[in-house]
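Each of the next two complexes has chain A plus one other chain: chain B in the first, chain C in the second.
Up next, the complex of A and B:
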């Protein structure tokens, strides 16, 4: 991971100055938005397939149980290797992915017993694994990165602060064309040993604790220990003043690398296996018949979901990540019928939600209003005692923005939205009304009971409509130049005549066609 | 077709056994629960002080409420609805706190309101779009939970300490339960049980056959709304103990366990209540051992253990019994197959000739004395041959002679009977219509006399 970061940093430095890059990365908003967008894109790509396969809630289960994998791998590493890995460690990621797959397998085992339905099997498996994880965390693990708050909301707001420092060797070209490090900068790491002149010593009481005496006691024995011995990275060495030459540093947030790798991996998998995923999603039987190994694809997808969930764990916690898997694809599903567009739309929705979510957390409601103003207004109106400063969880706010996009898609989608459905329905209703009235007039025009059947004042009775509705329909028909009224008698115009005949004909064809 | 008296008798005894088994199970659970108290005192050093008694009682009551109402979630395939709704309760808790301060009753009402809104939202999304129920539940789960977290983080910025402990709703905390909470749980739980009793028939109907209920003029929508509301009540009550994330486990686990032991809704609900009470109180007690261990996860673990025990040992459908049955079926089948093979081999080949015997003498002997080499049987039947031979020789129906096997008189008798049974089945298949015999599923492994009344078998015998 570290080497990869280095490559990225060196690549980026071709385009931007080091100071600008550091300023960008140190801005909490930019880093949070970048990490959030990466989570959103990888979540949306996978979530689209989950949604279409009717497995959305599997992502919920996996994102919960990923915690167990992290915790177990964490404990194994700290007891075997004696080191505390952080969340970008490859072993933790592997452990988490294994836990994700274990969830799916456990669910299948319970379901395969034939005694429990699928939803209940899922509802049994993941609370159990999550419960075990919580028990282990609260009982055995003492680490800030694994407390319960981190599980809930993550720390995307401080993602910028958890960095790897990369020291850059500033090269210059010498006269003979070779590259040589510039002499005024240093990338040396420093090791301070007790023999080093820079080593500082403090006195420490060796028998105080054993004898239960204070260091002031006469019997206290002391030993000198080195307070600042150890290895210093270039950045640390510069900070501690061990190097006179300033190292050129780039502070690169670890979360960005982890999520960038996950996003890249997801994109590659989706692009490479696009055909297979598509086929096995829409027609699993055909996919199996053609030899595409649906089971293998299924588990592959689950592994990817676990990987993204663990990558996102650090930033958004283990529950909110579900939103990135489920909500953007659901919104995109309402906007399009084409799989490639759905993939693109859901990625865009997720990323936009991540971008606007940061502002929301800082109290800016879509650039339209300040939440603090609203809170103040509420206080004035209802005499409440709310704090007017709004400073809330960034990850939760991102989810809320994504949800807002879902609502917008649900209401305004051109094809499946509530508004367009309502308009379509009312159009259908109107055209149906028009047709029955035209048909009625066509049937009775010029017949015996004409005066009773087709007069404007009595017409409504034949349809059991209210007079107002009849008036309205007649008005609309007149406006379309389909009927005319002469002294209360309604008759079809030439255009209306054609319409009615056509309608009658299509009706006859459908009737005979139906038989 | 007239019902056979034997079948009636069989069914009645089956029913009786089932009720006996039901009470036995409840007795065992009670016994385990009773033994658990001294066990925890001696081995876990749990002190039953006032606080723990309150918490354990609260856990038991919550287990009963969520166990009973969870049964419906399980049976209606809405297990994961519980998950979505418990997450959806969080913003309600936060909002109620913001507007009205820290009063448990109001917090729970707020929780109930938002998760009830969640139910509605799921219903609306699935009714008006092509989004399936699982995705709709996922949306509610994540969005409502995010709203709750956003509000909680905002609340935590308050300078006063009154907000402390609001986040116990996320993971649950048994120690926070006081006597007033227990009373509240008891009252609300009783109210929801009364509602359940009033709509018992309707709920049962919409749970098992919603279409039939709709066709008969029941308001399925309203009824399932009431039922969902009751489930919301159970979830909201349980939040304090189990927390929003693990509430689903508490809600459905005891129902799933209970489902394994019975096919009757009433019995299932009572069992589920008992299991729920057990896991609720046991979880609360064990978590008292160490202040670091949260209660909710422990309750879920205990409940899951009950599920595993039920899945393995439930009479009739338990996994252990299924495995044993499959094993003994395989052995029985192997024995029967090999017996059949040996019999036919012997019939076809006849007895070996003894010196000085005339052909007539040889034919008049029961010609079942020829031994079949084991290698031949293995070649034809594979592993079945060895299993079957072992079975048969244990029953004394075959004996070994060198490398070959021979039917003993007992074996000959069994094989003859078996062959006769096969023939009766064959005749039954051919003539059952003609002879107006009752319809039964053909199973040649079984004695036909167990399936057909005596006179029918006599008719078949005559056909032979």
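Up next, the complex of A and C:
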């Protein structure tokens, strides 16, 4: 990971100055939006397939149970290798993926017993694994940056602060064209050993913790230890004053690298296996018959979900992960009926939600208004005593913004939204009313004995309609030049005649349903 | 059958589908029991039997979509894995989610995925083939239609086109006539007859005893075990039917004009 970051940094420095890059990365909004967008894209790509498979909530389960994989891998590494791994270590990621797959397998096993329904099976498996993880964290892994709070909400707002520092050697071009390090900058890392003259020693109580006594107790035993021994990166060495020459540093937020790798991986997988994923999602039976191993694809998808969940988990916590997995695809589903577009739309919705969500958390509503102004306005209007300052959780605000997009799609989607459905229904109802009246007149007109059947003033009784409704329908039909009224008798025009006949032919004789 | 016991590949390949001692069990209760079945090439065969007789199970087990408890299945003398492209499968219409965001032509193109193999995407040629298959089922005007907008009969024809585009030698169809109207049923049976005329073997899970006689030339009567299998004239007898359906069918078939069974 570190090497990869270095490559990215060096690549970027071809285009921007070091100071600008640092300034960009140190801006919490930019980093949060960047990380959020990366999570949004990978979450949306996978979430679309989860949604279409009817397993959206699996992402919820997995994003919790990856914790078990992380802590188990963490413990194994601590005991076997004797070192405390970083949260972005490859082994922790592998552990998380294993936990994700374990969740799905456990759910399958419970479900296959035939005693529990599918959703309940998932609901049984994941709290169990999550609870185990929480117990292990609180019982055995006490000095790690993993607490329940971070698990639930995370903090994308401080993603910018958790960085790797990359030291650059400033090069200058010499006369013969070769690059040579400028002497006034250095990238020396420093190792302080107890023999080093710079080593500082301090006394530490060796039995305090075991006996539960304070260092002032007379039973306390002490040993001399080196307080500042260890390896110092160039940045740390400069900060501690071990080096004289200033290092040139780029502080690169770790989350960006992790999520960039995950997003790249997800994109590659979805693009490469697009056809296979689509087939096994739409028709797993055919996928199996054609030899595409839908089970394998299923678990592959679960591994990807686990990877993204664990990558995102550190930055944003599990709630936002779930929101990125489920809400954007659900919104995109309402906006299009083509799978490729659904993938693109849901990625865009997620990314936009991340960007605007950050603004919202800082009190800026969609760039239209300041929430503090709104609150102040409310205070003025109603004499309320609301606190006007607004500064809320970034993760939660991102979820709100993404949900806002879903709401917009739900109401206004041109094809499936509430508004267009309502308009379409009312149009259908009206056109059906028209057909009923046309059909009735078509059947009865011209027969003297039944002139009552086509009299404008009494027509409503035959349909059990209100007179107003009848008048309205007749007015609309007259306006469309389908009927004419003469001396209170309604008859079809030539156009109405054709219309009524067409309707009988097309709607009443062919197959029903669909369309 | 010549004297030597089936090692000559030419002799084996005379059967399009050869099922030997096939048993499938759900929770140790047999769904189909010790099935022996030979379907010669070029016939249009119905699998007929009451509900729970294992008709769909038989097809799915033949394609290894569900685990077999025992037995072997060969298509043209080969295990299924080696001749996937020779076998076209039409699942039950209700087995998929028709709200899936895709178009009719895309669904039909899925029939070509096996030929494309992993990673390769369908291109212009695949599109032409899919359009041609849609023409065969009279659905060419619906190519770009979202699949949720199709009627039941149109959905069934889309599935049929998806199998046709595979250009297989043997077709296995799970209830293609379920809940379609008379017009679609005629359209489908015309296609099945065309397939037979081109020498294809078609195996259809069928429900309607009445139309079976008219549509098919070969029949397998199934009720967990194979009751009878062979040419329609010899197999589709009142005695065999009574045995397949138990007492229930007696009155149904003694009276030739009686409607189909009361099931479904």
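The rule is simple: the second predicted complex is superposed on the first by the 436 of 515 C-alpha atoms of A that agree within 3 Å, B and C clash if a C-alpha of one lies under 4 Å from a C-alpha of the other, contacts with A are read in each partner's own complex, and residues count from 1 in each chain.
Rule of thumb we're sticking to: contacts are C-beta pairs under 8 Å (C-beta built on N, C-alpha and C of every residue); 3 or more make two chains touch, one makes a residue touch a chain.
Just so you know, these numbers come straight off a predicted model, no measurement behind them.
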Chain B versus chain C as contact partner of A:197, first or second or both or neither: neither
Touched partner set for A:390, first chain B, second chain C, both or neither: first
Chain B versus chain C as contact partner of A:291, first or second or both or neither: second
Which superposed partner A:283 touches (first chain B, second chain C, both, neither): second
Partner chain(s) touched by A:333 [first = chain B, second = chain C, both, neither]: both
First, second, both or neither for A:212, with chain B first and chain C second: neither
Larger contact residue set on chain A - chain B or chain C: B
Which of chain B and chain C A:275 touches, first, second, both or neither: second
First (chain B), second (chain C), both or neither touched by A:342: second
On chain A, the residue positions that both chain B and chain C contact, one per complex: 54, 333
Residues of chain A that touch chain C when the two form their complex: 52, 54, 114, 272-276, 278-279, 281-283, 285-286, 288-292, 333, 336-339, 341-342, 510-515
Residues of chain C touching chain A in the complex: 27, 60, 63-65, 81, 84, 87, 89, 91, 95-97, 100-103, 107, 110, 113-114, 116, 118-122, 146, 148-155, 162, 181, 183-184
Parts of chain A lying in touch with chain B, wherever the complex brings them together: 51, 54-57, 59-60, 64, 110, 113, 115-117, 119-120, 122-124, 127-128, 130-132, 134-135, 138-139, 148, 152-153, 319-320, 322-323, 325-327, 329-330, 333-334, 361, 384, 386-387, 389-393, 395-397, 399-400, 403, 406, 410, 416, 418, 421
Interfacial residue positions of chain B with respect to chain A in the complex: 74, 77-80, 82-83, 87, 98-99, 125, 128-132, 134-139, 141-143, 145-147, 149-154, 157-158, 167, 170-171, 245-246, 248-249, 252-253, 256, 259-260, 290, 292-294, 296-298, 300-301, 304, 307, 311, 314, 317, 319
